[in-house]
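All chains are identified by letter, namely A, B, C and D, in their written order; residue positions are counted from 1 within each chain.
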């Protein structure tokens, strides 16, 4: 692989010194992990990278690509069972190989800062964040007690935390996602290290919070700090990085200036990654390379596709739901939401965490009964039906969750999971349930060989396919997809989204598609409902919402969304 | 991507939680706790009463036989005066109501076997038992914390060794350790007194005896949480900040690992009577254990019940104290109380 | 005459000794030393480790007598020769009908609370005896009357030749009238006030009792080794239930005197320490067969059972010399008028088998147990763990194993303290064999344990459920016999008869052993009941 | 793409035991523990296979023989072979351990499930009762039951079982509540399964899964517990060589015959240890922590 050279002119580059000094360099970096049984696994294969002062390079790849291990090797924290070797691994000319623990401790935090994802778990949940920042200072013997106290507040202010005195005394759990992520950044940069390694710093954050954090990182860059950004999200990377290194299976498959990699990807894998990102532009197109597989016309749709004058499949009227918190106080989390879902249609519900969208999903499934308002199915009582009536309707409304694994009984293999649903959907099928399960698997792009597998042993994409297979096993008219693709790598997500589209086309099923991801929502939905704090702030067709948002919250959401320069990308794609 | 898995999505964004009325809440909590504590005490006393009533064996007969060293059936003529003296001839319900009615006044009744007020007996015996249980718990902690600190999360070999040691300790029968310690250290090497008593030297061996299995259990529970916490991302964060491995263990991980240990300690104190009975027997040490065993044997209801009340009271109090300790160790819980 | 006439009845664990036995009598240094030992050290603390802790200091249980003996004084005392000696009573005389005894009291005796000891004090104590000693009624005492300030009359319902033994036995001490009238129940239980050589300083339950000497004590019995206050300053009476621990305490020097050292250490104890032993009077530890119902109504079966067990060897192996073998099932070696039948029923399995065959128990089941008419030859043997110690239980296991060889199945049923004291397994239909002992100072123990009725109701002490009015009459006749020689003959005949019938057979004698450190001299066991007397004990220079 | 650490960590989670056992390399300690358990199980099932002498035949001529070729672990004060007595005592001791766990879990299952799943008016009283029982000293519960039933293996078993029931009931309750809220229970409900089916197919088996290890663990602890009661004189009738009774009997001779106290104690420790090891291992497997 080629060594990254940052030469390409970029709009940002003018604010930086023209050619920074070489801060960090790795040549031929290899990492192996030793397993329990002594066997070695090669996880980073001959990676070369180079970071110059004031620059930002990004390592991009999907899970298992080795990007995080690479980053950790740079601070000597690859793990006890890791073997790290390199032709050269240098920090400002000093080698990093074979260094003692005490040497590393002096480097970490003072010369290289390290930021992990999700401060909720990356900061000690039992301690106030101020103490964590203070610790970074005291560990390196910085200043007096009073000086450190001031420095903590100063650093918090630096990363844009308001009321730093108050926040310093609070624990991560008491802070909002954005504030605690900034506190985490503060703890890593308190001593102003020249280099900051940020490992998925915005993952798991709401889009508006993500925008804030990216802003903080941008400011750091502006102050001359060099950044190594690790991310799976090309759009995030595009906002910051001067150069991008794309990793796949431990190797760097493509490296180059950001604009070049994003607009003229050379490697098919890079191309594939870019294509897989759903957005308003991809609506109605396939995201993944593979064709829709649909070998079995398993069943006729339960009703012919369109009865124009029938009642909506699912109709929620002014639904309200509250819960009692652990402190005994009741909080209303859904405040009068109404929607309707027609046959063959996809209704997207988008919102940030805490917006009440998952509760809406549970109410739509009649797993919760609304405090007031009701949900009707084809005009019949559903949320307030008797258990016996509900039992009948349940087979016609299926669900796919974000985490399929937790929705499978850990004692069951794929075959049992599917036959259970098949038999329940139609007891007549019991005798040939296994055959039907195999057919279902083929429908969702798996094979009969997967029948005897444990879900735990499958990849995330495969598990989600099994979950979808289970959802369609009862031949439902509605499928509720609750963040169904949020936990997947982008290329897998693309495949699953394509699969869902195919299924909808062929089965005429309706989707209630719940996601925090605006791109996915736009890609999938016919109509969209935007939720904030339990209220449906805006509802309309997908294009109305995305191109002409009325509500200020919707507008804010869309502004926060990092996007690639799609026009450029499309151009590149067409010129290929 | 974190989408709330919890049903309650309305997580308070800041720590302010302004809408609550602390005073009302605290009062409500206190009343609830006190109420349930009284209920638990009442229930324990009632169960004790019922079981002792159902227990075969006539109390007057036992009293007559035990004071004359005999094991024979007694005639009604012999029993009548005893029954009248201690009120055993009254209807069971009357006896029960009489006893319960005395409790709110602090009247725990009188032990018919020992001819003394139960409150006095317990008052006299509680100190040695508490000393023993308390020091055993302390010793168990003193052993378990460094032991876990140095053997947990340090690779499989050391971990397995540490954990095996704990398992063995946890599996040792207390009285057996007690006998062996007594034989070796008191009778053989004469480092400690043989005759039971309540002085410091007298307390060492019983404490060790009681502490060994406890340390084993404590170590096990601390270790598993320790191992789990070592895999938390904030450990990596702290290391990346420049903290040493030992520092992370002692200053971050340990605190998390202590939480199950605290729970276990509460359980251990709550069961101190059970634990000390055998040890007190082996070391001929004064304390509630031997008193309790004897009282059960003689159907001395007031005394058994006194011990039960003490133990239940302790259990309730310990649980309250634990709730407070949790708040100190794990401030996340503060919002929820 | 009433049939209960001569029976002093109800055995508590009170003891008397008359005969000297080679290994079980104190021969040694402890008892025989005089008062003016040049090496004697004044003062010091004697630590004694005892086994069981009674609920109260005073009462009808022998565990209480051990303690009471230290703080109370008695009308009369046992002499070393078994004769009754004056103590608080200087002399006494009996009326012609032997039902009234006049005691003349010492005039210089003062209770430790300052109360005076006199006739009024004696009279005032009687109600406490009546109420506090469970078996008091069987002593035939009716009450005291005051003759003058220092003379009292004791009235008896029946003549009772053993009344002096009873008055000397540790239970019948005197408490100050003031304390009896004014003290709380708890005080009377824990710190009764007597005239004795020791005062109770503190009782820590579960640990022990601290005694301090009574400095004004000057009324020791005639058979004491000195008069005046006790030699030692303090007496620490510790309760240590475990024999090994008691032994350890003695060996390590923490204790000066240890009660019942472990059998396995008895030889060492005899070599390295002083030892005192006392064989209890009354009935020995023995097996009583249920002759009212079940297989052992057949004499041949009872005899076969006895032939099948090697009693001598069992006692030797299990107790290792701490207790003597006892063949007589009715009286122990130290009881007056004891008949030695140790050589009857030698271990002889052939004879046992023959007797069983003759009795028709010829068939055997799969486990080798004898069967007759479809019923297995089986016997239930309940025993109270609070009374039979571990070694006793071990002896029972050997017996169980040995009779198995001749085809008898014994089921051992251990009873908890609750069950035992609540009188479980005390009915004829509940057991075939009983195991236990009675401490009693007189041969009329036969009346207590073989009389089928007591006050018109079944006699609970009759564990063999024996019922033969003719034999009962003979027992009473023997007890009332005035001529000692004829009385001996009559009791010999009765003992022989019970032995031949094998209604009850002996196994071993209940024996009270103590080991004493070599630097403690002058400690003696009361030769009437084995109670330790710490009053004369003193330390010597080494 | 959620957790950056997943790519270096083995996937934690769940899978069937069988498949896990097949792929997981079983640690040496577990193999040894399993061998020990096997040994004791054989001893319990067919003691004559392992014993060298009769456990009950007394031999007054060879009392208190130290361990030697003839008597591997020595003899007791009436000449019975200690090794054989320990072997023959296994059945009683293990029966008490296993039986006590059976009693405890039977009671705890009913109470725990009811407390977790029943309507409030049923669950609340049960929760209260559990709370009262938890406040009760365990040993006292056991003492009361032995006093009630008389000393025997059965009453030891029931006493220890009932004494430990409340603790397990609370665990089962907590576990059930956790499973009740799990994704697969919701998925099964959403699929349209009625409650009974969801309970039988999902809640009950999964609530029990992590407790499987606890059962093994509890067997060892119960043996220790029961031997403690024997030690207090509330044990099995002689001449039964139940281990607690052996310890009790050996105590008197310990100063001259250490083997009488050491070996039965070691047997108890070994059982407790091996069952605990296996219990923890099973628990780890069930919770997916085994590597």
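Going forward, a residue touches a chain if its C-beta (ideal position, glycine included) is under 8 Å from a C-beta of that chain, and two chains touch if they have at least 3 such contacts.
Everything numeric here is computed off the predicted structure, so don't read it as measured data.
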Query raised in the report: From the centre of chain B, which chain's CA centre is farthest?
Result: A
Report summary line: Quick note, more Cb pairs in contact for C-D or B-D? It is B-D
Query - Intercentroid distance (Cα basis), chain C paired with chain A, Å - result: 87
Report task. Averaging only over C-alpha atoms, locate the centres of chain C and chain D and give their separation in whole Å. Result -> 45
Query - CA centroid of chain B to CA centroid of chain D, Å - result: 21
Query raised in the report: Roughly how far is chain A from chain B, going centre to centre by Cα mean, in whole Å?
Result: 48
Report task. Please set out, as single numbers or ranges, the residues of chain C touching at least two other chains. Result -> 242, 244, 247-248, 415-419
Report task. Among the residues of chain D, pick out those that touch two or more other chains and give their numbers. Result -> 2, 5, 147, 251, 254-255
Report summary line: Listed in rising order, chain B residues that touch 2 or more other chains are 1-2, 55-56, 183, 187, 233, 236, 281, 296-297
Requested in this report: Can you identify all of the chain pairs that touch?
Outcome: A-B, A-D, B-C, B-D, C-D
Requested in this report: Provide the residue numbers of chain B that touch chain A in the complex, in ascending order.
Outcome: 1-5, 7-11, 13-15, 17, 19-20, 25, 155-156, 232-234, 236-245, 247, 251-252, 255-256, 329-332, 335-337
Requested in this report: Spell out the part of chain B that touches chain D in their complex, as residue ranges.
Outcome: 1-2, 36, 39-41, 43-44, 47-48, 51-52, 54-56, 160, 164, 167-168, 170-176, 179-180, 183, 187, 231, 233, 236, 270-271, 273-275, 277-278, 281, 292-293, 296-297, 304, 307-308, 311-312, 315-316
**Report entry** Of chain C, residues touching chain B in the complex
**Finding:** 10-13, 47, 49, 55-56, 59-63, 133-135, 185-186, 188-190, 204-207, 238-242, 244-245, 247-249, 251-252, 254-255, 384, 386-387, 415-424, 426-427, 436, 455, 457, 460-461
**Report entry** Partner chain C, residues of chain D touching it in the complex
**Finding:** 56-58, 60, 63-64, 77-79, 146-147, 150-151, 233-235, 237-239, 248-249, 251-257
Query - Residue ranges of chain B in contact with chain C within the complex - result: 55-58, 61-62, 64-75, 77, 113-117, 120-121, 124-125, 128, 182-183, 186-187, 190, 193-198, 280-287, 290-291, 294, 296-299
